[in-house]
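What follows is a single structure, and I will ask about it in a moment.
Chain IDs A, B, C and D follow the sequence of writing; residue 1 opens each chain.
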Amino acid sequence: MTRAENKLNENDLDISVNLGGLILKNPVTVASGTFGYGMEYEDFVDISEIGGVIVKGTTLEPRSGNPIPRIVETPAGMLNAIGLENPGIDVFLRDFLPYLKEKGVTVIANIAGNTIEEYARIAAKIENSEGIAAIELNISCPNVKKGGLQFGTNPDTVKEVVEAVKRETSLPVIPKLSPNVTDIVEIAKAAKAGGADALSMINTLMGMAIDIKNKKPVLANIFGGLSGPAIKPVALRMIYQVYKEVTLPILGGGGILDYKDALEFIMAGATAVSIGTGNFVNPCLALEIVEGIKKYMVQENIKSISELVGAAVIK
Amino acid sequence: MTRAENKLNENDLDISVNLGGLILKNPVTVASGTFGYGMEYEDFVDISEIGGVIVKGTTLEPRSGNPIPRIVETPAGMLNAIGLENPGIDVFLRDFLPYLKEKGVTVIANIAGNTIEEYARIAAKIENSEGIAAIELNISCPNVKKGGLQFGTNPDTVKEVVEAVKRETSLPVIPKLSPNVTDIVEIAKAAKAGGADALSMINTLMGMAIDIKNKKPVLANIFGGLSGPAIKPVALRMIYQVYKEVTLPILGGGGILDYKDALEFIMAGATAVSIGTGNFVNPCLALEIVEGIKKYMVQENIKSISELVGAAVIK
Amino acid sequence: MSCMENGLVISHKKLGRDLYEIEFIAPRIAPCCQPGQFVHVKTGGTMDPLLRRPLSLYDVDEKLNSITLLYKVVGKGTELLTKIKVKENINVMGPLGKGFSLGDYKSVLLVGGGVGIAPLIYLARVLRERGCKVTVLYGAARSEELVAFDRLRSIGVELMLATMDGSAGYKGLVTELLYDKINPHDIEFIYTCGPEPMMVAVKDYADKYGIKGEVSLEENMACGVGACLGCARKLKPEDDHYVKVCKDGPVFSMADIK
Amino acid sequence: MSCMENGLVISHKKLGRDLYEIEFIAPRIAPCCQPGQFVHVKTGGTMDPLLRRPLSLYDVDEKLNSITLLYKVVGKGTELLTKIKVKENINVMGPLGKGFSLGDYKSVLLVGGGVGIAPLIYLARVLRERGCKVTVLYGAARSEELVAFDRLRSIGVELMLATMDGSAGYKGLVTELLYDKINPHDIEFIYTCGPEPMMVAVKDYADKYGIKGEVSLEENMACGVGACLGCARKLKPEDDHYVKVCKDGPVFSMADIK
């Protein structure tokens, strides 16, 4: 067989993935809080072609978010302390979701609550509406006082919150793990025990910056979440660890800026990836990464993306 | 009084610091594992002028270190998995220390053991020799299988290991905390309870990189420690948290590349700072930072560096 | 429609200390531009700096389809920008944000301070083309920094200068000219961009005489398109919600701010 | 003595696809250099890339006190290096490492592959100045990559070329020339630098005929001075300790490697 015959055509490739019941047409999603409600980027990219759009974190009641400054650039990264500014789940379902549904976007909701009860109530509201493909549970947002981080750092609460949400919904439930923990595998196992269908990792690392001119923290909230390429090595390590120990599909992200980064995540064990801060650098990034992965697969004669998942993990 | 009269002279400045009994002529040290035994940099800089030289991590027995590759560059950082290659404490004391003593260097030993017993034995050996000003306890090295990380992530062991070392030495004992924990304050408190004289923070974040060409981890050790500017926001956050809750002087570091970074650490609560990866970028960095701090103090009319320690911390 | 485009740089000059003017061809962005909008610029090819930098449209050449920016070097992003050479590309997203309203005014006042003059140049030109009389108060620290002077003259505006050191025009704050030289009854609308204290003084003046107007605000940005909520700002301290400077602005009505 | 120095770039040329030659004045470093040593180069002014890049001394001009480097663009560090212009500065640490031994040989053989020729040029010149007969086998993929050809000719060495595509000299691996063209009895010492398989083949040849020699090795580096232990390497698989390529090398005796 000559080389030419052997070569795959881009159309022969199977790049769709199954993330615990959530079927994505391609493995590249955009991360919550970095892509608004999709429409903000509609001029730049056909958002329906993105594997999945994870919309801004949504709470039961509207939230006005943290005081400013809320963001600051850091070496190869940024800190944010948005504080979950959002119009609340009802407004989201009423005013934003219809647009996304009409566009044919694969929508993943990202929800956060002050209490386990609140998580469950938001999930119930989502269950009763249409057009959302899965629920990502933000149990790891470092920027809100109540709820937020503490849910994600305690295995028992992680299990409970997942259970509570699972009871209310038939959609795939994907808890988003906080990297600010001693043992990520323990948390991942707790999420699994609670009935998680997949895991999203990682959320931001908690960090801060100091304004030396005014001798105070730069962010009004003092602490913020570190994202971007700076955290990529930590994200890869945690995904690798969890992939080895926990049999749940992983939605991996943290610092992805090109298709090579995405392949690193996939080879470390991620079934799909999410692009966050990278969207700010290049609003077309998600689709460029899909193209890059396809080219790579053709070159390497890999027919199905699933062949690459965990390929670098030494068992 | 005219402005000129008001202005401080560089010679009037008090930049010496007291780090739990360890007196440093200036607040800038070089971090363990990034400055060898000092002599490697003697051509580049007068090493006796550096606030303190923390030598390469030393164990009871010689260690040949990890297989290669041991390092890889990452966005605004690097991963290392050296694996504590070192000639052992006896050889260090016999062959390397005399040179440093003769040069008049303020030497801080950095020690690591497989067991608490080993830490104590190394400390005892140091106690019986001369020319070492303080002991930094590496309870956080992510690159060795035994000992290393687990010591630093469990508050009880942290307390125990500090106690054991304190029993053997009259030198200031400075445990170096791992950032790979859920609650850094809890660990800092445990170190204090064990009798620590100061805290060194942070060691590297555990991370990894994937070689997509060969579909395997880049580092032979799989995981490595992430250092450099990438981790600066995390380091600052942890120092800020600990400064607020624990009354021990802090030796702060993680990603410092210039005097402004150093001032961020000091204002976040560090009494002195350590330069690690920055030495590789600029071997003269430590002394350039001392100069930068002095200029800043003159400009801002700050007589004593102690006025700046924790200046950005909101109580 | 906004988009991301690699613009071919056709001119890049230093105009004065730390002040540069860069012009590039942007066939997709240029036709959609409005005065007061901005582009979000990738200043270098690496991850340091990581984020884009927002820069106002200084002028747009509708025939050439070129965009000109006026920028001041203040940090590493703008420093790197100076390295881009003619014939190389500059990657920009744009046009972004809500620009100035262009009412049917007969006579308006523009007050610009320092590099804040940038969006007012494009605005002045468009207003003049609509037959509006345009008076410009233009201030800076020193005369060398009044780098938009020639453009303003060629646009044909009534121009008054102020410098802190008196090296050109009035010696003092540009806002002091408001009370000295401007007859409020001649002015239907005021546009301003510059340091915040200057804009506050302009708003005070406008309020005093009941003149409407607009300001162009700045806030650190990540996305530039309203997605990240990083550039949030309360227009009045008592407001309970935040606006997004990138999307709801950067131009806001003076009536809405405090 | 080594030091860190900002070298004034006096020449920077593209020699062929991805191959560049840069020359800079380094009054403190240049006088201390030995063939086989390297400099550790800051390729850009930002944190990306963060670390320096090691590059061999390609030649040193003792009168000008200039250093010339030959480098191949393979990634972002070397890519950024191409942007440094004449009259700008290049920040380097050097000279670093242990260079080639310069025994009192009458006739030696140098085998260089690709950009691995770099340290052998400086070596060849110094050896020639000491009156040693120097034979050079120089291989590359294509003739255009034999960019050191003119320098080698002007140094006055016996030169044999090999290219994989036959576009210059022998068609095939440069190491095949060893057995075809070299009389082992004429050679007292062999120096080699290039891709590892090439150097292994050279060592096999040297071993076969009992000729001593040296190789120049590469390993990723952080500090470049022996402080970080990042460039460790076992010279033989059975060794139980690591050498530091930056400090104990980059030149090692063929007898020590396997």
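Following the convention adopted for this analysis, a contact is a pair of C-beta atoms (placed from the backbone, for glycine too) under 8 Å apart; a residue touches a chain by one contact, two chains touch by 3 or more.
Note that the structure is a prediction, hence the values are computed from the model and not measured.
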item: Chain located farthest away, centre of chain B as origin (C-alpha); value: C
item: Interface with more contacting C-beta pairs, comparing B-C to B-D; value: B-D
item: Between chain D and chain B, distance of the C-alpha-averaged centres to the nearest whole Å; value: 36
item: Chain A and chain D: spacing of chain centres that average the CA atoms, whole Å; value: 47
item: Chain B residues counted as touching two or more neighbouring chains; value: 75-77, 228-229
item: Multi-partner residues of chain C (at least 2 other chains); value: 47-49
item: Topology of the chain contact graph, where touching chains are joined (line, ring, star, complete, other); value: complete
item: Chain D residues touching chain B - in the complex, by the definition given at the top; value: 1-4, 42, 47-52, 93, 219-234, 240-242, 247
item: Contact set on chain A toward chain B in their complex; value: 74-77, 79, 153, 180-183, 205-212, 215-217, 222-224, 226, 228-234, 236-237, 240, 255, 260, 263-264, 267-268, 308, 311-312, 314
item: Contacting residues of chain D [partner chain A, same complex]; value: 47-48
item: For the chain D and chain C complex, residues of the former touching the latter; value: 44, 46-49, 76, 80, 83
item: Residue ranges of chain A in contact with chain D within the complex; value: 75-76
